[in-house]
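Heads up, the next two complexes both have subunit A, just with different partners, subunit B and then subunit C.
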Partner chain A sequence: MSDDSHKPVLLRRERLVAAGVVLIWTILAARLVQIQGLQRKEFAHRARRQQTIEQTIPARPGDIFDRSGRLLATTTRAESLFVDPSRIDDPWGVSLSLSEAVHIDSDRLYERIGASRNSRFLWVKRRLSRDEADAVRRLDLPRHCWGLRREYLRQYPQGTLASHVLGLRDIDGIGRGGVEQAFDALLRGRDGTRRLVRDARGFVLDELDQVAQPVEHGQDIHLTLDAVVQTHVEHQLDRLMEEWKPVAVSAVVLDPNSGEIVAMASRPTFDQNDPGAGDGEGWVNRAIAAVSEPGSTFKPLIVAWALDRELLLRDEPFDCEQGEYRMGGRLLHDHHPYGVLSTADVLVKSSNIGMAKIGERLGNERLHTAATAFGFGRKTGVELPGELSGTLRPLPLWTDYSLGSIPMGQELSATPLQVVTAHAVLANGGRMITPHLFASGRHPAPSPRNVVTSRVIGEEAANWVVRVPLVQVVERGTGRKAALEDFQVFGKSGTAQKFDAATGQYSHTRHVCSFVCGAPADDPRLLVLVTVDEPTVGGPHFGGTVAAPAAAQILRRALLYRENRTRFAEDFDDAVPAR
Partner chain B sequence: MQHSLLRNSFLSLIGVLLGMGLLMVYSASITARPTEFEQVYLSRHLTFLSGGVCVGLTAAFLPSRFWRWAAPWLFGLTLILLAIVLVPGIGHRVNGAQRWLRFGSISMQPSEIAKVTLPLLVCWWLTPRRNAPDEIRSRFRSWLTRFAVIVPIGLTLGLIVVEPDLGTAAFLGGIAGIALFLSRWPIRNFVISTLAVAPLATTALVLRPYQWQRIQGFLTAWRDIDLAPYQVRQSLTTLGVGGIHGVGLGSGWQKLSFLPEANTDFVFAVLGEELGLIGTLGLIALWTALFLLGLRLLAVQPVRSFEFTAGATLLTQVVLQAALNVAVVTAMVPPKGIAHPLISYGGSSLVVTLAALGIVVSMSRRDTAALTEIGPPAGD
Partner chain C sequence: MFFRFGAALVLVILIALLGIAIEKRNLALRRSISLQDYRREQLLEQRARLRLETEQLGAPGRLLDEVEAGRLPLEVAEEAESSSVAR
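So, the complex of A and B:
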């Protein structure tokens, strides 16, 4: 036998091979320690990322109800069409047939598909009608290149009713304007997420509940609005638009004792269910976002404040100078020449000269204090976006002119809501209450806005102004057209000349006619303010002629309806003008 | 006594590896949606396993002198199969490479068989026959004869390169090199052949730019894993998910769809995810133990004998193939489709591996016939 067989078994070359193999395994073991020990978190994260997908569970926006639980806004489901551009083999054919089915422009769709060839997702049209969705299904396109996804669709079952108050939800479900925006946080809720386990081909294998964020659906909210009163208000505004062809009209119905807004409307308007239509003019809620000088509707506020501060007596005589009164370098006129008028008659006749004399007695500082006390120059705090504060110039800018202008409602401007809120102070016995839309007490959550109540004037002065001069305005003054058989109405007209920026003077032809009224006088339950901006036909254009009849009609229907629903409903039918 | 204990341990290790393979093939074949794939794969794997065990046992019971006698014939047969696979219409083409022969439902790669027959041939060529007269022994020592062994090696590798299957050719080249090395091939011959092959390999890289791209891609993957080929990314991720303890047998997610070839070439990654670092290092320990025990087992043979060199080469071949698979899965070498011996699902690979290990056992047996000099087996 060879000598080799007796040598120690593993010789140099064998040892080398064995050492080599063991070395290789050692290196691999070290590599495994690196991957599975040191870098394991990084890879685990990578795996989690590719194995799970997060899917949003959209929150359903809450419903909006009126004060009696009538549905004003709700949410249904609709299907939205998307395509996977990377998988469309025939973009032109697909664009053509899809655009026909959902009524969109085929060239535009073709361009959009072409522009996102590398992406996996493209909305074609969202929230299809049922017919459109069926039409898309009937096309029978290749299944992998398109899909329908269910989305929430905001709907306003009352049509355009209270559109300015409600606002709308945009295509992504975000509240735009009105209550939809103001209470967006409450209404929208919070989207949940679901984590799904998927495989490499994108098939969903499992749902991981333990890590999902639960969806919080939006809360329902109840408004102080009354849909029936609102309907009536809107009919009246439509009639005013037809009769006087004004630029715009608005109306507010307010419960003076609680500050609840029962109705609020503005013309021109828009359709929440079809927000694309219209010229954009209709988007402004003129009740809170159109300012004008309040004019004579401001007068009772000053009188009430002066009476309360005992700067004025109820039966005090004012010489109204037969309609012409020189105040410094300024000549004031009354509409009719009057001799001596009592404090009450200054309001009943709406004498500018009488008011100017009251202004002279108070002085600028007190006038400013009074205007501020009634909420002029600052927002009312209603829960609506876009509210304007009007203008109340700072006292140092006031001049001798102001002594005559301010008491008759010039040199300051306000929104209709500010005016009606100020009048609510008179109607409720002297308290300023934040006007609001959110019906507190109906929600489990506390009211999101604080309703502030503060005393402005004493009850005595407020009640007297309402029950004596303002009642007489309707009985024998400028507001006779607002008289009602069933109720004792109090009110005040306002006719403001619009300031003409071109000439730098007050216009003699362009007016803002307003009328604020309430009833019953001994216990006012509702206040109505109707503002007609620039009536263009008919005449004469006074608050008492243009706005008063509509305001009184609104007041009557609303009060009747509140007293007895059934009687109102019958009455309501024949009261609705044919449109 | 000592020897039979060694052999029993060696066989037990093979059994443990086969058991692990069985588990992993079953687990890695589970699909995302409920199907019967895992049962189908398991039963097929069991079929191959029983076939492989029969082949392996037969190989182990055959005396080593049979293998010595059969080495050239088996090699010749392999060459014929390697040639046949290239004939259009007979060889089966998968992904542009003609590597497969199909017999009914069974398919096999002739290059797999070459992993056994080429080392046998090299050792047969270079080791002196026992009991041979001195002049014959000296003939075997003549330089030219010894150098001529590169002709059959070159022929085999050439046929495999043409398929093309560069990875397997390179692996076989390495195994042949180990066989040459253990057969005391002179170092200067290695130097000469390396010098001869180097320009060839360079030309191949230039002529087949896609190979070069693969290597470049591999190098970029080291810098940024996001640039790595999909399967490398997935196999590393799969291993990493397992961490130290693993997610539990059968509970792996990656195999469900993200990891390609989960039950064949990347079964090691599945094992890594489900059994963790403990499982992967355990498997490495098993292979190392198998390797060292096998060498001890073969140590009863004279170091320069056919039995020792052939047995050691085949053993190294199997263990290195496992190491190469792990290296691919851990992105230590460029991606190459290679099964993990005994662990991967795979018909012909499993049978060939068991045959190779069977031959190792056969080689480790003291050939009583030879020792008592009853005579050479027929044909030798």
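So, the complex of A and C:
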């Protein structure tokens, strides 16, 4: 009786349980369909994101070599120290230990850690030395709160040599200044990536090589610089700084036939291996970023141009008025009173009056054309950032005053590189060649900049100016201190008065002394320009007394070195027969 | 029937074992490539460091004063050079 009465209840309960089970299974099946079917893509994407990590493979920057394969810049690996501030239990203790190991200020580090307590990452010091990295490891700090990451460190094995030309790589590996910036795209390369599979604890299980982006290391580049000549140049500049205590000095050595820059230096300078030291003045490459009036170094250019256009004769006499000549409302002076001078002697004696008379004959329009033809007022196109174009005012702004000023190198300004490039036109027989640093023919990639060659004047006029008046400048003129026993030198001195903004007039005490010279006169192989900005001790301050001896020494050493190299190469070729 | 079943089973097992062997070999090769990549990196780094040191020691700026002052015996170096050339 009682069993029969319980049957409907049991049956109901069974059905309830069965319905519950069916419901649960239905829910599970629906969820399965949702996960595996409807939201499959989303969950698969989420799983992939959790399991795989993308790791950057940094590209190693390319090396920089000089023309003989000497290493100027290279890259090694160094370790950088970071901490996880959120997991540091004892910030002061960690700050104290780390600061002793890596030689930084402990208070400053403590402050930085305190300010980043919610962060998971904080650089302590980047690019540690090996000793510093070892010292950090020996501290035995809790492993979860610090780490060392490997980064590339740019190194300059020649020290401060050619620092303005090379520039440097900043803390993030980006080229700043000089060749490092100009050729950054070539040198830096392209970082690669690899995707790694990791487990729940973060341990790497596998590398998904099919999706990796291969790393492209930076390309090596070869420059036209010669480290030996560059060293000679920098020694001479250091001596000039010591002897004349000027504000700055610079020098450029150029091959006039190819436009290759063999050396370029500037003082004050900076140390790429320790860029924080020194003041901001040292960062300026004065060979391309300091402008001044070219002064008398401009005179031979005007004479050559006028000769080439047959507006002037080689043996033409000019009355130099015994040192005083009134030109409109302006009274011109020469350093010494001269009577009648030939065209050559106007240059040899560097007569301002003689040049003013040549200027009167040419007129402003032709003078402007000549200055433009020699590259004044525009950048030379050298592959360096920060080059200035100098100043060549538009022709409508020129006045009668310009007839006297322009031929003697006033009323316009130029960088030392512009001046030496213009003189290269005379030295190579009349062709303007873009000065450059990228040695062509040694790279798989073409030069990033074009080297343009164009004719400015005829060969005859250029050769005469070099072989007659400019040789005589050194033999019996203002450049006698540049004479060498080994080579026949040609050259021209320049002494430009600096403009005094306070008085609005040219200063009689502040000068820019320069000397441009080359050798041998019958086949010039190298040109040297030395510019000394405002010598402050000794005297007198002329281009021929201050800059000429240094320019001649640089020229002599560079030519002798090149001759020895050629002789050695010939001996070597003779000794080792071609296979 | 049993023979055919057994043969099929053996075939399946053999294919599975072959797959495992290939997978193991693949893993071993990948490990070896990875190790060689690591060694290559190490050697490149070592080469860069040694070249850096060599260039620092032979830098013109470091040697020029010595050469000009006659403190470096260049003749010996030239003799060594010529003898190596002759050989």
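The working rule: the second predicted complex is superposed on the first by the 529 of 579 C-alpha atoms of A that agree within 3 Å, B and C clash if a C-alpha of one lies under 4 Å from a C-alpha of the other, contacts with A are read in each partner's own complex, and residues count from 1 in each chain.
Quick note on the criterion: a contact is a pair of C-beta atoms (placed from the backbone, for glycine too) under 8 Å apart; a residue touches a chain by one contact, two chains touch by 3 or more.
Computed from a predicted structure; not experimentally measured.
Undergrad: Could you say whether A:Val197 touches subunit B, subunit C, both of them, or neither, answering first, second, both or neither?
TA: first
Undergrad: Would you sort A:Thr74 into first (subunit B), second (subunit C), both or neither based on which partner it touches?
TA: The second partner, subunit C, only.
Undergrad: Return first, second, both or neither, reflecting whether A:Leu395 touches subunit B, subunit C, both chains, or no partner chain.
TA: In the superposition, A:Leu395 touches no partner, neither subunit B nor subunit C.
Undergrad: Answer with first, second, both or neither: which of subunit B and subunit C does A:Thr231 touch in the superposed model?
TA: A:Thr231 sits against subunit C, while subunit B stays out of touch.
Undergrad: Tell me which partner A:Glu14 touches in the superposition: subunit B (first), subunit C (second), both or neither.
TA: A:Glu14 contacts subunit B only, not subunit C.
Undergrad: Which partner does A:Val22 contact after superposing on A: first (subunit B), second (subunit C), both, neither?
TA: first
Undergrad: Using the touch definition from the top, say if A:Pro157 reaches subunit B (first), subunit C (second), both or neither.
TA: In the superposed model, A:Pro157 contacts subunit C only, not subunit B.
Undergrad: Give the label of whichever partner, subunit B or subunit C, reaches more residues of subunit A.
TA: Result: the larger residue contact count on subunit A belongs to B.
Undergrad: Touching A:Gln39, do we find subunit B (first), subunit C (second), both, or neither?
TA: The answer is first: A:Gln39 touches subunit B but not subunit C.
Undergrad: Where does A:Gln50 make contact in the superposed view: on subunit B (first), on subunit C (second), on both, or on neither?
TA: After superposing on A, A:Gln50 lies in contact with subunit B but is clear of subunit C.
Undergrad: Can you pull the subunit A residues that subunit B and subunit C both touch?
TA: none
Undergrad: Over in the complex, which subunit C residues touch subunit A? Could you list them?
TA: By the definition above, subunit C touches subunit A via 30, 34, 44-45, 48-49, 51-52, 55-56, 59-61, 64, 82, 85-86.
Undergrad: Where on subunit B does subunit A make contact in their complex?
TA: Touch list, subunit B to subunit A: 32-33, 178, 181-182, 184, 236-244, 253-254, 256-258, 272, 276-277, 280-281, 284, 287-288, 291-292, 295, 299, 301-305, 312, 316, 319-320, 323, 326-327, 330, 332.
Undergrad: State the interface residues of subunit A toward subunit C in the complex, per the touch definition above.
TA: That would be residues 60, 70-71, 74-77, 155, 157-159, 161, 207, 227-228, 230-232, 234-235, 572, 575-576 of subunit A.
Undergrad: Residues of subunit A touching subunit B in their complex?
TA: 1-2, 4-5, 7, 9-11, 13-14, 16-18, 21-22, 24-25, 27-29, 31-33, 35-37, 39-40, 42-44, 46-47, 50-51, 197, 199-201, 203, 205
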